[in-house]
Amino acid sequence: MRARNSFVGAAFALLAAGMGHSALAEDIKIGEINSYSLLPSFTEPYRKGWQLAVEEINASGGINGKKLVVVSKDDGGKPADAQTAANELVSSEGVAMLTGTFLSNIGLAVSDFANQKKVFFLAAEPLTDAVTWAKGNKYTFRLRPSNYMQAAMLVEAASKLPAKRWATIAPNYEYGQSAVAVFKKLMSEKRPDIQWVDEQWPPQGKIDAGPVVQAVAQANPEAILNVTFGPDLVKLVREGNTRGLFKGREVVSFLTGEPEYLDPLKEETPEGWIVTGYPWYSIKTPEHDAFLKAYQAKYNDYPRLGSIVGYQTIKAAAAILAKAGSTDTDKMIAAAEGLSMPSPFGEITFRKIDHQSTLGAFVGKTAQKDGKGVMVDTSYKKGSDYLPSDAEVEKLRPKE
Amino acid sequence: MAFYVVQFLTGLASAASLFLVASGLSIIFGVTRIVNFAHGAFYMIGAYIAFTLTERFSGAFGFWGGVLAAALAVALIGVLVEMVLLRRIYHAPELFQLLGTFGLTLMVEDLVVLIWGPDDLVGRRAPGFKGAVDFFGQNIPSYDLFLIALGPVVLGILWLLFQRTRWGVLVRAATQDRDMVAALGVNQKWLFTSVFAVGVFLAALGGALQIPRDAVHHAMDLRIIVEVFVVVVIGGLGSIVGAFVAAVLVSELNAFGILIFPKISIILVFLVMAVVLIVRPWGLFGKPEAAARKTPGLTVNPWRPLTSNERLASLAAFVVAAMLPLFAGNYALTVGSEIAIFVIFAVSLHFLMSVGGLASFGHAAYFGLGAYGVAFLAKMAGLPMIVCLLLGPLLGCMGAAIFGFFAVQLSGVYFAMLTLAFAQIVWSIAFQWVSVTGGDNGILGVWPASWAASPSHFYWLALGVAALVTIALRIAVFSPFGYALRATRDSLLRSEAVGIDAKRVQWTAFVIAGTTAGIGGALFAYLKGSVFPDNLGISLSVDALVMVLLGGVETVSGAVIGAIVYKALNIWLVSQTDLSKLVLGGFIVLIVVVFPKGIVGMLEMLAQRRRKSSPPGSSLLAKPIESAE
Amino acid sequence: MSLAPPLLAVEGLTKSYGGIHAVRGVSFSLRAGEILALIGPNGAGKSTCFDMLNGQNRPDSGHVRLLGEETTGKKPRDIWRMGVGRTFQITATFATMTVRENVQVALISHGKQLFNLWGSAPDVDRGEAGRLLELVGMGGYADRPCGELAYGDLKRLELAVALANDPKLLLMDEPTAGMAPRERVELMRLTAQIAKEKSIGVLFTEHDMDVVFEHADRIIVLNRGTLIAEGSPAEVRGNPQVQAVYLGEGLLYEGGHREGASA
């Protein structure tokens, strides 16, 4: 009945929404978006990481003398909300560039937004290959090693295993599907003799682990590829341990060595899985030592992989801004292409050809130590060694 | 052979956990008619508290004692919630309790992270049930055997409780006829409280017993709540045996289904529910609901078209809104566009839910279909924006025509759940059919044509369409069809007796609502430049319900206000704080308690009271509505 | 004997549930303008019989014809379209709509405007709705929410709604159940008056024998599913079989309510 109130209400709501934060003109603002409320186990360390980076950058004089400010927004795990946030950051906050995102679909949504609005976007975490290849665009760069790169790192180790009969378990969405697809493709190239005897596709976050484990065991594979993570991984590991699925079988597993996913497993941690991850306790390089010391001093906590991603995202953004000497998008793109910079994992470069950084990952085996899961026999795999040839990449990326 | 036996037993173990939670929900719904959205939240708190207790106290006693104590503690929280919150809203319009429990759920999701931290927690294994039992070379976890035994034991205890105690008799009586129990002079308040406590206890116990096999984390509630609802509905509302059979059915179909179709899990329960409801409209063990008794306290405030003054005021408000681009920035305009689109979405559901009395739990399906319609037309056929906007919603229309045909054969919660099932089926198609829909990575690059690209132009477009849609639906409400639709809502018996083909009227309303939602979805695709399965998801459907309920389900304009308030607040909070769910949930709970008729319902009541207090009261005593039914 | 078919002709109506005959071979007819009461003790088959007339229930065998046209197997709404209005034992009205809107819905349906999305319903047949309400003495209540009405008023509203399609036949299931004695007399007097004026046939079931004997032109009596008597009130009152049935029940029924009808 009171439709008039509706429109007045709308006007007020819009006014409220329109009131931005006033910022000092001399600051450089970076917009950051992530799934803080949906994925706190990753994003909390991630936030700590980028906050440390901001502190360090400003302590050493900012970017070309200007103070760096990061404006951070939650996307609630929804692409549509991420776009609202991106819009706010660009239109209302006037940020120089967008960074962040975790989920692949959100990364793609923001990347598409960046492409449409001609905004620089540095994707931090989303793993899908599409971000830099099939749906890559001029404005989007990515820090973390992609699905393809991690698959390639794992295949290197997996192809040396004697196992011929393989089964796969992966969450039923794009990430799981493409991880399995790439792994299968690369494995079959190196080992034409292997057979894929079973595949299980539990819904992400809703695995009914018992039946899945039974089904895989029934196929009697010699090795298993796992792509599940988080709570699904916990359930899978527990059921698998109890039912003896992993006994006498090799397991290759995406991301499982990351503290976010490995630490909760505690005494359930399976032995000898080949995994990608982040063994912060056994990395002995000066770059990492410096990072670790600073991080522990500030937070009295150990870093997770998210901490590295958050830290390096902002460090990279600062490096790009410093080199561009401007917040002009085209200048930043020009500065970023081919830019090399230090990171806790050693020097990394943003490739000109596909805007992928050469940040690598650690591959090792899982083990238990004092009732905790750790990675042992680790080695760092440089991202640059696990990317396809330039000619192939050219074919993958859409023509501008 | 041994394998199939073990797979069957594994399915039974999954069924047991599902049944515990489902039975609690079923009992609560049966007696109080509350769609307890917070059931999953209680399940989650049960797991968290049990984790804390079992970590602190060692040994078998520590573990089992901890599990029980956790369930009891959560039951106590449940009692508190019932007394403080739900008691105030039993007489609110149907489903308003859903809003209250939804608010609670939002709050809990943030609270557990604040209390227990962001990491996934992995609890201890159960003492005495750590290993596995060998069965012809197959391993069965002994904890699974424990759960398999527990399911029937709980079923038995509940059966005894209901058949052999006075309390149980009352609960059964109340399940069949709430008012009769009130008439018997039973203290209904405490009956409800105790029922709620038992239901919550079962949920929390279900959660606590997950500790040895699951990780405890802040999204556990959402993982289980929908599934549990589905189980309850498949079994038949209020039927404990039904819940048990449905849990077994669903779990076994999943256990064996994945052997043939490894991707079936994502959609299985919804497929089963859709089939069951189409074949048996009241679930496997449910009984046809006694002629839906109208909620007591149903408004006796008749709807009327706007007076000319009100029309002028609305026009003035519209003009003010249309002037927004003169003084607001791009972000505000984009938010304005989003709000306008959600007004369209909310009024479309309002037409079905308030006017037609058909509360859809899956309305996002038609919104999303409209969005996908646009994306297909724009990306595959390369049609111009205006054509896409006109044709895209037709996909929503088609979806509504197909699904609506089946859905309107049912009513009440069964209708709601069938619409949910259909929405989930559509969602999973969008999610799975990667080659066409892009799966969860969606369809990108659906940006508006240059004439609508600037935020102000798009805002005017969205505002204009929202105004047109709102006006058109308002005209429909006061059209002969609108009267017929309201007639079918108020009394099916009477409408049939005056020659109204109720199903056809409702089906038409369903198609109108679906098409309108599709219009909103079409605009949304262009606003965001992309389409994702999220656009068809449960949470969007819930948003729509919340907007209608918040505004006031018994009013004509409630949806408009509800959409504006909810969406604006939501966007603002998400932008301002990571604890947006906590604040938003708190706000919703507050609204529920303070304005049990919704925002507009409250305003109307105040206005009416003012009007009534001036002329001397009418000679007619307002009689409770039940006597008229 | 006229050649034109009677308004309502019922022939050999039979219905059984699980081998028990609820109604067996019931035949009777009704003329336009005639008021016919269908009575019988509880469980005699009145309701089953009634439901088969209005389409709620389908007979196992037998025929119901309205002016020669078969109605068996038709849905309630189609039977309504043939010119049969009805009222319910427990009133069924549109509780959130006003009294006038209740009548308008029936008029809209009668005018085949149900799927008209554009018109302004408040203006549809407003005058006609008002006349119908005046006719049943509810003119002053037109704008009241239906949910606020007293029970007797709801019964009168139902009568107005039932008259909206200009019916040839009115089926009234216990029209006075749940009403105060004074209201009963008023309502039945009104019904009789309208029936005579408009030449509408009325078939009603009733527990209250005072109402029956005062207002019915003719009475048919059911017992255990079969018709045991038919005739004028005086004839039926004097029928020994009827007396036996009712005496067997202990009394000549007066004012029995069924459960749930209390106001």
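Going by the order they are written in, the chains are A, B and C; count residues from 1 in each one.
Here, contacts are C-beta pairs under 8 Å (C-beta built on N, C-alpha and C of every residue); 3 or more make two chains touch, one makes a residue touch a chain.
Bear in mind that the values here come from a model prediction, so they are computed numbers and not experimental data.
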Quiz item: When the contacting C-beta pairs are counted for B-C and for A-B, which pair yields the higher total?
Solution: A-B
Quiz prompt | Most distant chain from chain A, judged by the mean position of its C-alpha atoms | solution = C
Quiz item: In angstrom, rounded to a whole number, how far apart do the mean CA points of chain A and chain C lie?
Solution: 73
Self-check item: Distance from chain C to chain B - Cα centre to Cα centre, in angstrom
Solution: 42
Practice problem: Would you kindly tell me how far, in whole Å, the mean C-alpha position of chain B lies from that of chain A? | Solution: 32
Quiz prompt | Where chain B touches two or more other chains, by residue | solution = 303-304
Self-check item: Complex interface listing, chain C residues touching chain B
Solution: 54, 75-78, 80-81, 86, 88, 90-98, 101, 104-106, 108-110, 113-122, 124, 143-151, 154, 161, 164-165, 262-263
Quiz item: Within the complex, which stretch of chain B touches chain C?
Solution: 294, 298-305, 475-476, 478-484, 486-487, 489-491, 493-501, 505, 508, 512, 554, 620-623, 625, 627-629
Self-check item: Touch list for chain A against partner chain B, complex
Solution: 1-11, 13-18, 20, 36-38, 40-41, 43-44, 73-76, 78-81, 83-85, 87-88, 91-92, 104-105, 108-109, 112-113, 115-116, 128, 130, 135, 172-174, 177, 198-203, 205-206, 208-212, 214-215, 217-218, 230-231, 234-235, 238-239, 242-244, 260, 263-266, 268
Quiz item: Which part of chain B faces chain A closely enough to touch in the complex?
Solution: 3, 6-7, 10-11, 13-14, 109-110, 113, 118-122, 130-132, 138-141, 143-144, 212-215, 217-220, 223, 227, 251, 254-255, 258-259, 262-263, 265-266, 303-304, 306, 310, 313-314, 316-318, 320-321, 324, 328-336, 338-340, 343, 431-432, 434, 439-442, 444-445, 447, 455, 470, 524, 528-530, 532, 534-535, 539, 555-557, 560-561, 564-565, 567-569, 571-572, 574-575, 577-581, 600, 603-604
